[in-house]
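Working notes, structure below.
So that you can tell them apart, the chains are marked A, B, C, D, E, F, G, H, I, J, K and L in the order they are listed, and the count of residues begins at 1 in each.
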Amino acid sequence: MKILIINGPNLNLLGQRKPEVYGQYTLKELNAFVREHFNKIELDFFQSNHEGEIIDSIHNAMENFDGIVINPGALTHYSYSLRDAIEACALPVIEVHLSNVAARESFRKISVISDVCSGTVSGFGAYGYVLAVQGLINQLKRTKQE
Amino acid sequence: MKILIINGPNLNLLGQRKPEVYGQYTLKELNAFVREHFNKIELDFFQSNHEGEIIDSIHNAMENFDGIVINPGALTHYSYSLRDAIEACALPVIEVHLSNVAARESFRKISVISDVCSGTVSGFGAYGYVLAVQGLINQLKRTKQE
Amino acid sequence: MKILIINGPNLNLLGQRKPEVYGQYTLKELNAFVREHFNKIELDFFQSNHEGEIIDSIHNAMENFDGIVINPGALTHYSYSLRDAIEACALPVIEVHLSNVAARESFRKISVISDVCSGTVSGFGAYGYVLAVQGLINQLKRTKQE
Amino acid sequence: MKILIINGPNLNLLGQRKPEVYGQYTLKELNAFVREHFNKIELDFFQSNHEGEIIDSIHNAMENFDGIVINPGALTHYSYSLRDAIEACALPVIEVHLSNVAARESFRKISVISDVCSGTVSGFGAYGYVLAVQGLINQLKRTKQE
Amino acid sequence: MKILIINGPNLNLLGQRKPEVYGQYTLKELNAFVREHFNKIELDFFQSNHEGEIIDSIHNAMENFDGIVINPGALTHYSYSLRDAIEACALPVIEVHLSNVAARESFRKISVISDVCSGTVSGFGAYGYVLAVQGLINQLKRTKQE
Amino acid sequence: MKILIINGPNLNLLGQRKPEVYGQYTLKELNAFVREHFNKIELDFFQSNHEGEIIDSIHNAMENFDGIVINPGALTHYSYSLRDAIEACALPVIEVHLSNVAARESFRKISVISDVCSGTVSGFGAYGYVLAVQGLINQLKRTKQE
Amino acid sequence: MKILIINGPNLNLLGQRKPEVYGQYTLKELNAFVREHFNKIELDFFQSNHEGEIIDSIHNAMENFDGIVINPGALTHYSYSLRDAIEACALPVIEVHLSNVAARESFRKISVISDVCSGTVSGFGAYGYVLAVQGLINQLKRTKQE
Amino acid sequence: MKILIINGPNLNLLGQRKPEVYGQYTLKELNAFVREHFNKIELDFFQSNHEGEIIDSIHNAMENFDGIVINPGALTHYSYSLRDAIEACALPVIEVHLSNVAARESFRKISVISDVCSGTVSGFGAYGYVLAVQGLINQLKRTKQE
Amino acid sequence: MKILIINGPNLNLLGQRKPEVYGQYTLKELNAFVREHFNKIELDFFQSNHEGEIIDSIHNAMENFDGIVINPGALTHYSYSLRDAIEACALPVIEVHLSNVAARESFRKISVISDVCSGTVSGFGAYGYVLAVQGLINQLKRTKQE
Amino acid sequence: MKILIINGPNLNLLGQRKPEVYGQYTLKELNAFVREHFNKIELDFFQSNHEGEIIDSIHNAMENFDGIVINPGALTHYSYSLRDAIEACALPVIEVHLSNVAARESFRKISVISDVCSGTVSGFGAYGYVLAVQGLINQLKRTKQE
Amino acid sequence: MKILIINGPNLNLLGQRKPEVYGQYTLKELNAFVREHFNKIELDFFQSNHEGEIIDSIHNAMENFDGIVINPGALTHYSYSLRDAIEACALPVIEVHLSNVAARESFRKISVISDVCSGTVSGFGAYGYVLAVQGLINQLKRTKQE
Amino acid sequence: MKILIINGPNLNLLGQRKPEVYGQYTLKELNAFVREHFNKIELDFFQSNHEGEIIDSIHNAMENFDGIVINPGALTHYSYSLRDAIEACALPVIEVHLSNVAARESFRKISVISDVCSGTVSGFGAYGYVLAVQGLINQLKRTKQE
């Protein structure tokens, strides 16, 4: 089983930006933290500030991965192109947010991708990625059983 | 560690209603399924179709539990009284939904409680309760460490 | 054939409140008035000011009745929990209103349950319940023929 | 007692268009079906795809009929001229819809005529016309008694 | 003269929840505080987290009280059933809020009951109940004089 | 100088419908009343309940009249086809309303034709037509002088 | 018969500002133009850029005039205080605009005073004041006859 | 193959009205222009300013034509009756506009018929009808092949 | 303790305008009525129809008064300048309305000043000023105790 | 004559994604299909998932092409940068969509580029590109003639 | 070159009100601070809490100044009369705000005057007036050169 | 002191596109024009049509610059990713626009970045960059002094 974890714009700044909101891990530390929870699963990590590169990476994942966990950063709120990419790829995609987005600025309450994702996890900080991967694995197993 | 799991209106019908949306477990089976994942944690389960009883149960939990996982059913979309109860109790509360609510009727896109919860999990079926409890435990541990 | 007639919040005050809008029957008289039109049909009547009790009564009706006629009072305008209960029960449900709700306050123009009911009757006073029961019987008969 | 039953735009296509929504009767069969329920009442039927002709027919009904049952088709959603005609004529007018309009496209949720009608019936197919006529007769009788 | 003071959902937590917003009195102390201002008036106190029970208590008050002071808690913002109960009872009803609701979350700016109450007092903490009772007494006296 | 006065849907009922709003003249009397104010001007009158006929009459007026006074009735609020006809004809068109439309139902506050008319007169009853014709004559004279 | 003509903010600039919109008369010339049409009526003119002074002038008019013609300039679009003054004074008030406000910026489409005025005239330039006075006189005469 | 080309209200004025927007062809010339592009296809042309006649013509086309090209004029923006007619007829219908409607008044941005048409062409002037017919032929051919 | 009572536009007309809404006191009588309830408090009264004068009076009050009671009349609904003045002055300000504004025109439901006031009283007629002053005194005392 | 055909995000997946919506051609096949219709015209094809690259390609086209046909994918709905690029380049640009976007999700009904394009074609599948190129050629020829 | 600097309602309180938002200068000190940057330019300063006086001052400036810098305070958000005054005067007008209004209450995001001003500067505190004057001088010079 | 000046999508076309709106400088000339005003400050210039590259450049600036001046072009209106980048970098950022955006298309009235910038300058053409840099320098100096 092979899972791709995508982080969107500005998440390369983790650990530097608003630690009270996003936690104190750098992105590298976050990735290590997630990886150590899953030793039987192949995990790949990708980050970009470019919408186009993220769409490309989702397209490429179609042949190489079983599922995707994505924290799209602020693309969550307006990138219908990302949405189309998620809908177009045949993989289950889990949306994850570090903070409780509902408790922040009102524009963050709108996600244009939620309804084409197969699950959402938000508000658990770095641990939310662990929950998301776990939930994704569970979905993949159930699908295989069917 | 003691956690209360609350299910709101109509969730007593689980297994009978739209199994393609809500899964095939009955509520009793769902509870058993969640319990078997956590043998070191004390879990209590409560279901009611009455907003007032759910608020009462949250109030009572304040002294008896370390945290709450709640699937408020359709109260999610209008019960500001429930919201006030969640905000008023000093416990971390995780919101969980069986289905991906964002992909259903438009009124289900609005949650009046999300911003007073400390985390949200949706779209993972019964397994979402497991993720929610796990996420809650993680939050409780981190809080203790601080 | 067995039909449950549910009246929601404040309808226990019938005959006391705004008789020019709601008519002069008390609820008891209204029920008697409806019953005398249907001597071959078993009719049961339930009224409550509690959303939760109404939901419970719909759940219980699933095994004991062939259909429901409901005047949800002001729950019409916000109770998504009631809506879910109506949608979840496998019975045809007819929505009835004594007055022409479209001609009153603007908040009364929105019904959150209409699209999960199988028919609506409004503006005919007490006689509207008779029409609703009649329409429900007709639907039940047509369903049986199919 | 003399009642006019008006059908608006596209209802001449009944039986041809979306039978799962509108039923299998042609308009002619529908009219016959309604008539056979009321042998003591004089019923007249009128259908037009022209808003102006429907308004004319309402004006003419003022002197010749005791009440009107109207299915305005899609005029329901925008024809303020029809609304003014209904309000201007001194007759009670019942609005009827074959299907449950609340469960269809969102533009069908708005009726610009409901608040000037004296009652509404929707979702009962052809039988809804029978209920509407019955409700109208009941209103006319009550008015006479006053 | 006999007045009923109703407190809605979560107000049983007074003194425990956000004292900087709601003050430091418990509900019991608040009631005592109000009572000591009015030794010639019979005051009754009722609190519930159940919408239905509050509606029942208003119905029952119709025969036993001269007026009502109500702090509906978050029911203020969505309970059209409560609104109907207030409108239906023949008594003057005063709406009271401990805090200045206009200065809090935006959903608190909408009251669905204000226009059926005969007066509103907000932002004066516990003392606001004293003002509300006083205002109600004044209204009752003026009505008697007419 | 030749002026066409057009009256839209339901204005044939003048004198019968809501005399406190529309005055007590019949349409025939109204026309006579207007005519007697202008003995040097050729006035033509047209009324129809059919949007299409009114559009046709405006088209025909292009060659035969110097200007138009129109009371479009409820077409005012939705007929973009009428609007296009007014804009397309090369004549100045004055919009007139018997009653003060701003003081009536909220849908009457929107006129889709006002911005393509060269003037508006409302609230003066039958006399408003006189003012409208006078204003139109004034506009025509000023145009000729330029 | 005595009529007060009020001009609001910026109308003192007439003749200087956008002559293609407002015409070429100065305010003084406009007033003279209006006066010469009515030799049997006493006309008074008032202009101010101060909302408060205009309200004062309306209050004072209550005892000294039979009616008011007002062009409130941009106060039209937001001054609820002016609206209250118009509603409070017992006189008929006619709203007049030089240009066709509906054909200009969208904020000019909203008048907060129209529904408390007894008539509106717009789009006729300086001549609109003549029509407004004429219409006001007609209203005053009709009122006297009643 | 037989195709009906329908033009709605005011399109009879083509060549007279705003030639910079609608081009310089009269309707007759436009029809000739379209016809000369398709010598193997039977083309019929219909224009009316009457919504009802256009609906009638669509109904009649059901038996006599293979498809329809329609420029509904301003009916585009409000005629739900036209929409129902298009949806009800079993033929593919292409919506065509001479000008780029998106670049004009904001009310022209809303088409109530687009989602029941099988294609849209706008902004190409008279040549747009040629493209629309071509596109329709292509659709008809593909359908036959299936 | 010194308190300033400000009345805004049109409140000088009290007793003349809509007595069923605003009561029968003139402003002078109202002021006397309020004063007689507080013989130990220095009360000053100010009324103006000029927004600017009211702002000036609030500025001046900063050095001379302990608190303000204000009925801003219709300025309530749009005067952000008044709002800034209230926020800028260091005094507690109580908003008071004679009538129940929530039960009147919809524009009266919006107060742009409520969230910068420390309390609101509405619907008690002249007696509301007494309650407001009392509430203000209570707030001032509590502040002193802190 | 040289024309650039641009395809936006996710259109590289054509043939893989929702063939019932987008058709069965791959992008390569689509391009070939379009090219074979125009042997006298030079056609260039560009696809990217990167908004920035598409803007760059439009800028570069300014000197090398006579016109552009663009299917912007989901950028249609939010990319004001793309809009500015289209408006800034001096070339005519035709917007094309494979499916009938009006009949899909509601966010697809808004195009932020339509009003700066010179024509739109949607709903004709691959053949729509042929129509768009044809329409563009026609526009270019007409412009040359002027 | 002569420039008028206008400050609107409540700006006389500068230095007293929210220094963290508006800075610590009094208005007098602010004016001195601005003046010392421009020794070759004639600067005049005007402040008023009265909308009418500000409009008057703009009218008077037409003959005596080359341009205006205005901080309209809260009039920014609703005074269409001020807007008309700015548009009517032939001078370039620069809008300036001390704080970053976009980062404050949502009502401050709307400026009804921006689109008739020739430039805007906000968020630079007292120094923003210096930038505004400089920008205005630059505009005036460029205009002269043309 | 080192300042980065960023220009967003389509600003590379300066001098070619709508010179009456954006001025006649090319971007190169604009940069030279700005640079010649500041000989003691190190200025760097960056332009890109790619949102991702602009975000990258802001991230990189965090270590190498003291502040940023940005004209985000149309990204202003939707790029929440850019907004997050601005908020995340610890530098003061000034938003600048060449034209008066408030006076153009309505979508340009919304800036999603203004409230995380420390100042805004718009409407001064090329000179606006000079003002922005000056304002930024002033902010940086004031911050150092604190």
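Assume contacts are C-beta pairs under 8 Å (C-beta built on N, C-alpha and C of every residue); 3 or more make two chains touch, one makes a residue touch a chain.
Note that this is a predicted model, so its numbers are computed, not measured.
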Shortest path length from chain D to chain J (each step joins two touching chains): 2
For chain J and chain L, chains touching each: A
Copies chain D and chain H touch via same or different residues, half shared test: different
Listed pair (K-L, E-I or G-I) duplicating the J-L contact set, over half by residue number: G-I
Between B-C and K-L, the pair joined by more C-beta contacts: K-L
Rigid-body rotation angle, chain I and chain G, from Cα fit (steps of 5°): 120
Chain centre separation (chain E, chain G; CA means) in Å: 47
Intercentroid distance (Cα basis), chain D paired with chain C, Å: 23
Inter-chain centre distance, chain C versus chain K - centres from mean C-alpha coordinates, in Å: 63
Chain A: positions in contact with at least two other chains: 50-53, 78
Chain-chain contacts as defined at top: A-B, A-J, A-L, B-C, B-E, C-D, C-E, D-F, D-H, E-I, F-G, F-H, G-I, G-K, H-J, I-K, J-L, K-L
Touch list for chain H against partner chain D, complex: 50-53, 55-56, 59, 78-81, 83-85, 87-88, 112
Partner chain K, residues of chain L touching it in the complex: 100, 102-103, 111, 114-125, 127-128, 131, 134-135, 138-139, 142
Chain J-touching residues of chain L, taken from the complex the two chains share: 8-10, 12-13, 16-18, 48-53, 73-75, 77-78, 107
